[in-house]
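First the structure, which I've put down as structure tokens, then a few questions once you've had a look.
Chain naming follows the written order as A, B, C and D, and within any one chain the residues start at number 1.
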Amino acid sequence: MKIKDIQDEIVGEFDIFETWMDKYEYLIELGKSVPVIDEINKTDDNIIKGCQSKVWLHAEQDEGVIRFYADSDAIITKGIVSLLIRTFSNQKPEDIINASLDFIDKIGLRQHLSPNRANGLNNMIKKIKFYAIAFSKSN
Amino acid sequence: MNVLKNIDSIRKDFPILNTSINGNKLIYLDNAATSQTPNCVINSISDYYKNLNSNIHRGVHSLSQMATEKYEDTRKKFKSHFNAKSSSEIIFTSGTTHSINLVSSGFSKFLNIDDEIIVSQLEHHSNIVPWQMLCEKTGAKMKVIPMNNIGELDLNEFSKMLSAKTKVVFVNHVSNALGTVNDIEEIIRLSHSVGAAVLIDGAQAVPHFNVDVTKLDVDFYVCSAHKFCGPTGVGILYGKEEWLNKLPPYQGGGEMIDEVSFEKTTYSELPNKFEAGTPNIAGVIASGIALDYINNIGLGNIKDYEDHLLNYATEKLLEIEGLKIYGESKDKTSVISFNIKNIHPYDIGSLIDNLGIAVRTGHHCAQPIMDFFNIPGTIRVSFCFYNTTGEIDTLVDALKKASTMLS
Amino acid sequence: MNVLKNIDSIRKDFPILNTSINGNKLIYLDNAATSQTPNCVINSISDYYKNLNSNIHRGVHSLSQMATEKYEDTRKKFKSHFNAKSSSEIIFTSGTTHSINLVSSGFSKFLNIDDEIIVSQLEHHSNIVPWQMLCEKTGAKMKVIPMNNIGELDLNEFSKMLSAKTKVVFVNHVSNALGTVNDIEEIIRLSHSVGAAVLIDGAQAVPHFNVDVTKLDVDFYVCSAHKFCGPTGVGILYGKEEWLNKLPPYQGGGEMIDEVSFEKTTYSELPNKFEAGTPNIAGVIASGIALDYINNIGLGNIKDYEDHLLNYATEKLLEIEGLKIYGESKDKTSVISFNIKNIHPYDIGSLIDNLGIAVRTGHHCAQPIMDFFNIPGTIRVSFCFYNTTGEIDTLVDALKKASTMLS
Amino acid sequence: MKIKDIQDEIVGEFDIFETWMDKYEYLIELGKSVPVIDEINKTDDNIIKGCQSKVWLHAEQDEGVIRFYADSDAIITKGIVSLLIRTFSNQKPEDIINASLDFIDKIGLRQHLSPNRANGLNNMIKKIKFYAIAFSKSN
């Protein structure tokens, strides 16, 4: 699936929820259920620091696409992380580079991406793009 | 009953208390980060720009005269409030952080490689990092007053650390992370007994109770206007005249000089020596209005009422399953730091934000305290005199809801 | 005709222009000291305190998110305005003086006893004293670019001063005392040819014309918001990313750290590394509104109109008997400095103040210029785009009256 | 004459003038006409610096009273200086110490005494009081 279509799909899923509580419950579910990264890859190098919750991000290149693995110590952050992985993993570097990210806004989680440094999400997205640029150059 | 009689009319003075977040009325419990601003302070800023905006101290025209007078009258207000001996002992800066850096940077003149400086385990980064920079520059060593499990400083240990080598001791009056009120009278007394200077970081004290620098016999006392209902960008530094005269100037520029030539520059007298450049004139004047505002309610009344809120909230919060409070000193003010079970503070903070409740989560710029308790952070609620027990009830409900969702 | 089409409606944006002094309508010609503030800027401050006041960068609650976003959007505005390569190159400070001290203090890391730094004869004290303090600390020597009789810098002499020893050159873009616009393109080019860094003090330039730091290839560029219709207490420092990364942090505190422990502290990335403590949040956001305001009028239009005022006023003033203008560079902007016969500037300033006219008198924080001309000071009129030729006519009448009374 | 009476006298003189222009013309006259200090006493020690106009102040003790001599480089400052001399010179130290200065306010020249540092008048008044205190102690 294309990045844009995945994002639309996510927005569709969240549209079902009428209250923010339901949305967050879904997010928390996502955060709890998905084991997103192997413990062995939760290295210091892979840490993206927010001043409150941490994000770990690991990337591997495989047959022209990049696979991302990630985690966070806060469950809501982790829920959002899992959505970002779903969006960007298994995509081609150039598609990642050119993608514009709008689902977070649309499902009403924009505040988690503010220039605020409380969580590592903003830097995670930056890092995803950096990986894509690096891998596209190494090809 | 410990209730401010006119709490309703006080709340009306703060327009922001009427805003809604996500459809819920704002409940603002992040006052230790910054307090809200009453109409009189907001209006004072508008009035300044509408009627007297002008650069101060050197203009002969009327606007400049009037602005200068208001600015200097504000200095006198703070002089009286803190019971300083002279207005020259009050320096306006851009914040507590700036005030501390002004002092710590000046101390490089007095420190040698064998000297020691003493900090407490309870400090805000703003009262640690500038002194670390000083140590790096001078080779002086930093010692740390330890605290016990309930967040009180161990003054017994402190007295053992003191020696003729100790040159300066810097401790906050109230801890922003735990709410502990430190026994600064004793800290000052002990420090002076070995001839060390003392800087007290009063950022979290000035909003909540009276401070008398002469009675305390403190050498430096610092705070920020934005924490006592004033505007952003204004700090106050009290310094004993003899110390301020000894300290070298911090920044160079206009205002702080007497005569300038390329060969030789001489500096102004106090307080101008430390106020280089155009100050935050509108902000300083508005800070004086904020000071008037809290004095009008009365810091005695404020303290009584906030103690009441603190006790009420502590009791109610402890009813929440799995809630642990960090910082249980006998003497505390206006701050409660806690965690619920193993839930990450960020998760709680995010959820209750959707209910309109603003609390702070994280390390509160006091990582050494978090390291002490071996936690990544806490949830911190902090009160101002415009908060109510009703708001605390709503908070407790919201925390229960969030805890259920996250468990 | 060089007249701003909508001057009447522009004047209505500035409430202070309607006040009276001693029964006369205020004529404000002290814009180089501080400019006046339009309603949109005043309102932006009120709006901030009424709707989003909160500490920034670390709060998870909505107010903090919104305030942070506005603050960071403001950084982007300045980034675009100055055509910086990245928002990290824009640092908010409390004023030009603070910005210069931040840089000069950091340079102590790079200077040795044999090094040289170069200043111009035309500088404001704020761009002299911090560097003198640096020389005192490091033992570096300061050289001075001389000026000629009409207040232009001698770049020929400058090029002879430059050598591999030269580490930094600091010159203002526009002289606040004489109005000279310096050829900073050439100064930057020459300085870079020997590997010296250049700091340009743009306090008097940014209000009057466009500045493109990338085209200029300047290393540091500094200014104050209160000079371009913004609030007091806000400065902007542009620095090339590579320089800002090399410079050590200036103040220690919250915000500027990554991790703190008593053993080891690591600093944040740009721009936070240089923004310790709670910034002047309301002021920074309002500075962005001021920037929008002048960009909305258009700096091209502003420059045309102010040049027109400058020429008109120069011509009219020279009709006054015994009036001598200091500073007659070909390239000048918005400032006229002068004396009438041997009359003390203070006397003239005091008399015309009674007629509602605000001008500055004295040395304008530029004593070396006064020493050059061997005078105690001058009368300085300085324009903003809301001034009119009618106001200049009234000024000229008032000066004639004052001169008669004092002769 | 007592300090208070002299001040009242000055206020009375200024009351005659209807416009500020007339007042200032009188002040300028005062500034021009009175030679208030001997050149020999215009030493650096006797300078009181304002950032714009300077004031020189010299004091001598004589039979229980203090005589003040002063000057300024700006004529309006000098006019005010001459009024201050008229008020305080030839008075007993303790009267000077206890005097409250109100005529400047009453004749509408308050702005020249603002905390502003443009002229040396504020410091001049301080210095007058210092002299009085010093002389009263040395008695």
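Convention: a contact is a pair of C-beta atoms (placed from the backbone, for glycine too) under 8 Å apart; a residue touches a chain by one contact, two chains touch by 3 or more.
Keep in mind that this is a model prediction, so the values were computed, not measured.
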Distance from the mean Cα position of chain C to that of chain B, given in whole angstrom: 31
Chain A and chain D: spacing of chain centres that average the CA atoms, whole Å: 76
Distance from chain C to chain A - Cα centre to Cα centre, in angstrom: 44
Residues of chain D engaged with two or more neighbouring chains: 51-52, 111, 118
For chain B, residues that touch 2 or more chains besides their own: 22, 58-60, 62, 64, 346, 350, 353, 361-362
Graph class of chain-chain contacts, one of line, ring, star, complete, other: other
Pairwise chain contacts, counting only pairs that touch as defined: A-B, A-C, B-C, B-D, C-D
Chain B partner contacts - residues on chain A that touch it in the complex: 20-21, 24-25, 28, 51-53, 73-77, 111-112, 118-119
Residues on chain C engaged by chain D in the complex (per definition of touch): 22, 343-347, 350-351, 353-354, 361-363, 376-377, 405-406
Touching residues on chain C, where the partner in the complex is chain A: 56-60, 62, 64-65, 68-69, 71-72, 258, 272
Complex contacts: residues of chain A adjacent to chain C: 49, 51-52, 111, 114-118
Contact set on chain B toward chain C in their complex: 15-16, 19, 21-22, 26, 28, 30, 33-34, 36-37, 41-42, 45-46, 49-55, 58-64, 94-98, 100-101, 104, 119, 124-126, 128-133, 142, 144, 224, 226, 231-234, 249-254, 256-257, 259-262, 265, 276-283, 346, 349-350, 353, 357-362, 365, 367-368, 371
